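Here the chain labels run A, B, C and D in written order, and each chain numbers its own residues starting at 1.
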Amino acid sequence: MANLAAVVGIGQTKYMTKRTDVSIAGLLREAAFKALQDAELTWDDIDAVIIGKAPDMFEGVIMPEVYLTDALGCNGKPMLRVHTAGSVGGSTALVAASHVQSGTFKRVLTVAFEKQSESNAMWALSNAQPFSTHLNAGAGGYFAPIIREYMRRSKAPYDVGIKVAVKDRLHGARNPLAHLQKPDITMKEVEESFMLWDPIRFLESCPSSDGACAMVIANEELADKASKPPAWIRGVAMRSEPTMYAGREQVNPQAGRDCAADVYKQAGITDPRKDLDCAEVYVPFSWYEPMWLENLGFAPEGEGWKLTMEGATSLDEGGDIPWNCSGGVLSSNPIGASGMIRFAEAARQVRGDAGAHQVEGAKLALGHAYGGGAQFFAMWVVGAEKS
Amino acid sequence: MSDEQDVITGINAPVYLKYNFTAGAAPSRFLTQLKKGVLMGQRCPKCSAVYVPARGSCALCGVATEEDVQLSDKATVESFTIVSIPIPGNPIEPPFVVANLVLDGSNISLIHLLSECENSEVRIGQRVQGVWKPESEWDYSMNNIRYFKPIDEPDVPAEKIGKLPVTGWEG
Amino acid sequence: MSQPEILNQSFELGYTYTRSTGPVIGRFMTELKKRNIVGIKASDGRVVVPPMEYDPDTAEELSEFVEVGEQGEIVSFAWVKEPRESHPLQQPFAWAMIKLDGADVPMIHCVAAPAESDLATGARVRAVWADETIGFITDIRCFELV
Amino acid sequence: MKDIAIVAYQQSDSVSDAGAVNEVELIMPVLARTFEQAGLNSAQDVDFVCSGSCDYLQGAAFAFVSGVDALGAVPPIKESHVEMDAAWALYESILKIRMGHADSALIYGFGKSSPGELPVVLSQQLDPYYLAPLWVDSISLAALQARMMLDKGLITERDMAEVVSRSRRNAMNNPHAQLSGDISVDDVLAEETYLSPLRKADCSPISDGASAIIIATVEQARAWGLPYAVISGIDHCIETHNLGMRDLTDSVSTRMAANRAGMNTGKVDVAELYAPFSHQEIILARALGLDDSTQVNPSGGVLAGNLMMASGLSRVGEVFNRIVKGEAQRGIAHATSGPCLQHNLVTVLEKGENA
């Protein structure tokens, strides 16, 4: 049985296209320092540091923990770097949590980041090796055919993705840290935006952001003493499956379903829509909301889009299960940090510290991240109470 | 220039590294045949699924694919996207159709261009065939097939996509 | 099963990254452009060149810049007989840890010298500036023996 | 906390160029042998899998993703990855077992260093503003460190050559070694300098390969009926990236990690140290206070073959081998990362009951 652990401090940078005022270290440092301040701690209080980011090619710094140790006060401490593709922010939080849940450490700092403005994500993700076909126009080009297959199967109306795009940007407008600030966005604006990778429109896609997110995770004894409410970690799970194999279910991947079942079991959740108060789910392309609603058991297969269209996932429409109140990946996407932002925002909700995007009285929240060809999944459930 | 403009806030850091890439054993087998105009898949000894291009293992079973299996250049559209932005480092002019295609006789999709068609008429289950470059231009490359184009065969129902024999689709 | 040929092909993985410096590194680069070298004072009072953004012991932000000399002494060196294509000098040269006058912590840069035997730990060197300085670490083209 | 045991270890041959073998093909045979050793069939038979690799070695983003293709990860598995030596993947896996979310784990590391120019590739892990743009390669930095040792009279070139000679001779008993032979100290000293003060023999070779380990709770290891070695401690520690601010002639972080891992609570019969350069083996042995009673790098160490991203894990595996063969009761394995031994991990292994 894992030891109890809780999030006792959260820090995020403002997300934006280019943070031209800081170095790479400066970016992480900002989030890390805010997390320490939030936890009312100093660097000396931290036992170990766990960092995560997507491929090193984004910034062209190999194994960046080597250079970042000084900025994160790690010297003389253990430092670990996680890399599990797009799910890395979530995986990093889970690995950080395991440092405490295993009873090995009392209090650790975890930071995930991406400074995408240092290069071009399309290039970093698509640079071709010899002999390989080179038609993969970034992540959108990869996921668009899977979305098309979902649309075919579910017979969902064409504007579900448009609705999600609007909803998450309206959520993002409540969150001052969100990269995209579009309080006046309309369905028409999204529909008329440029079709990048049919069926994915420009405004149905995530932006490319600079940013970092950090958390302090503490054991039960220290979390009990924290001056601000902790977010208790009630369940942690990760699952992986290969990118391609014969008969692989790509629309509704088994790794996602299994991961959700695992984390729900730990948290005592039997009906996620009813038992959870909100969820922060990795939705980089708008159609992934209905797809993940089904994958994560919030709706039966083929019916996720109905929740979206009914407004069940919308804070503004008073939905019963708001998704991505922070604005989600559709509003901010520093790739390597995006998963951790989901985990941290879930924690903010149950700490009652989510400001204008707070779900009133939230007690139990899901944080979710996925990566690779929708094959790596990381999830946690955090609660205002220990059990 | 004022002092303000003289303040450095950014640098350009060229990071260029040279590599000598060697294709793996399984990809080399595929590419060697491809140079001869043959689409060769590899069958998993455990589950019998046929992979193309084989990457070295049946990812489902985690074992090496050993048996070579000759495939057709006819395929079925599993899904697709119409790309309206250029691919970095690729001269193709957008918009173009990139499709996930399953070759007859294989059980996994590969990605290739679809052309000689109205983009708006491309659909899941559509039958297509490879349009090859002249033999003199063949190399160790999937670009030996310039693109796939629709052929006059009935669409394949969704549940049969990825399960057709090398002999093709009778409708 | 047919035996494949071994297929090789060289390729270059490359990008020119656009790095924002933040104030500390930016100040160092700004000074380099003006052919000055600055360090920064660490929490224990040591002057570090190039300036670190954060103190390695206390993790505090550092901000007290100190101008240092463009001459210094070699703390250690390594003789490169056969420079690599990526190296800044294409004739045999040395990498060295150089403690500049006014600094307490050595920096790493290259030293141009006729032969290994001309170099020694403790030898005095001075910065050789690039013809055009742009605010980049290679504004110091190399160091040479005084 | 649950006692954790190592039950299987396999490594590929360390070769200078694996040729027409991609990542999956590199890993799969090693994993197959590892499963066989443990009497298991696939990754489905362990509770957790964690790997270590580096995209830049072969120059492709997400190199580790294709590693999953070697696992038989259907149905999906609990799996994670560190962009570090797989010794740190072992560390992550141990935390997973300690927290009760797994009773067993497979850990593997792999690297093809041959496609790139490894010392140059590694220059890009340095400070991206001050050092990486100078392209200071990893061998040159190690040479600066060696010169410092020599200048201060802490070592002689003969000491370094002795490390090399012993490595080559020990490696004669290591079937996976890349460099081995009956080479005397004078033979080494007769070689001209390469990156002075280093000779080529002072530097680990460029190698391709993979290694894998299976760990389990002692209860699980017993249930499997396998000989095992117990991991009695593991810890790691990083130091400042500023080489000018570190005492390069010592390895403070190695000593800290070893102390925290409990190395000094008993006799150390064997030590496998990840020293990519001969003088670094001396630094490490001294930092750890090892004397003649400890056999250092009986496998030949990484001077006999350096599988980047797997060498640290292999050190653990080599100590495991000595213990289960009855050649040692207790030993330590060391792993390193970063320039001039910046980041160090120490694992302490002890004989299990039925080893």
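The rule is short, and it goes like this: a residue touches a chain if its C-beta (ideal position, glycine included) is under 8 Å from a C-beta of that chain, and two chains touch if they have at least 3 such contacts.
The structure presented is a predicted model; accordingly, all values stated were derived computationally and were not measured.
Student: Going by the touch criterion stated earlier, list every chain that contacts chain C and also contacts chain D.
Tutor: For chain C paired with chain D, the chains in contact with each are A, B, in label order.
Student: Which chains are shared contacts of chain A and chain B?
Tutor: C, D
Student: Identify the chain pair joined by the greatest number of C-beta pairs in contact.
Tutor: Chains A-D share more contact pairs than any other pair.
Student: Looking at C-alpha means, what's the farthest chain from chain D?
Tutor: Relative to chain D, the chain with the farthest C-alpha centre is B.
Student: In angstrom, rounded to a whole number, how far apart do the mean CA points of chain A and chain D lie?
Tutor: The answer is 33 Å.
Student: Can you give the whole-Å distance between the Cα centres of chain B and chain C?
Tutor: 45
Student: Whole-Å distance, chain B centre to chain D centre, using C-alpha means?
Tutor: 38
Student: Whole-Å distance, chain A centre to chain C centre, using C-alpha means?
Tutor: Measuring from centre to centre gives 38 Å for this pair.
Student: In chain D, what residues contact two or more other chains?
Tutor: Those would be 19-20, 56, 59, 66, 68-69, 71, 73-74, 117, 120-121, 124, 128-129, 132-133, 240-242.
Student: Where does chain B touch two or more other chains at once, residue-wise?
Tutor: Chain B, residues with two or more chain partners: 9-11, 13, 15, 17-23, 25, 27-28, 31, 59-60, 140.
Student: Give me the residue numbers in chain A that touch at least two other chains, ranges are fine.
Tutor: In chain A, 20-21, 23-24, 57, 59-60, 70, 75, 120, 123-124, 127, 129-131, 242-243, 245, 248 touch at least two other chains.
Student: Which part of chain D faces chain A closely enough to touch in the complex?
Tutor: That would be residues 1, 49, 54-56, 59-62, 64-66, 68-69, 71, 73-84, 88, 91-92, 94-96, 98-101, 121-122, 124-129, 132, 235-242, 252-253, 256, 337-339, 342-343 of chain D.
Student: Of all residues in chain B, which touch chain D in the complex?
Tutor: Residues of chain B touching chain D: 11, 13, 15, 17-28, 55-57, 59-64.
Student: Please output the residues of chain B touching chain C within their complex, sorted ascending.
Tutor: 6-23, 25, 27-29, 31-33, 66-68, 140
Student: Which stretch or stretches of chain C touch chain A in the complex?
Tutor: Touching chain A from chain C are residues 7, 9-11, 13, 15, 17-25, 52-59.
Student: Given the complex with chain A, which residues does chain B contribute to the contact?
Tutor: Interface residues on chain B, with respect to chain A: 9-10, 13, 15, 21, 23, 27, 31, 44, 47, 49-51, 58-60, 78-90, 92, 95, 98-100, 107-113, 119, 124, 140-143, 158, 162.
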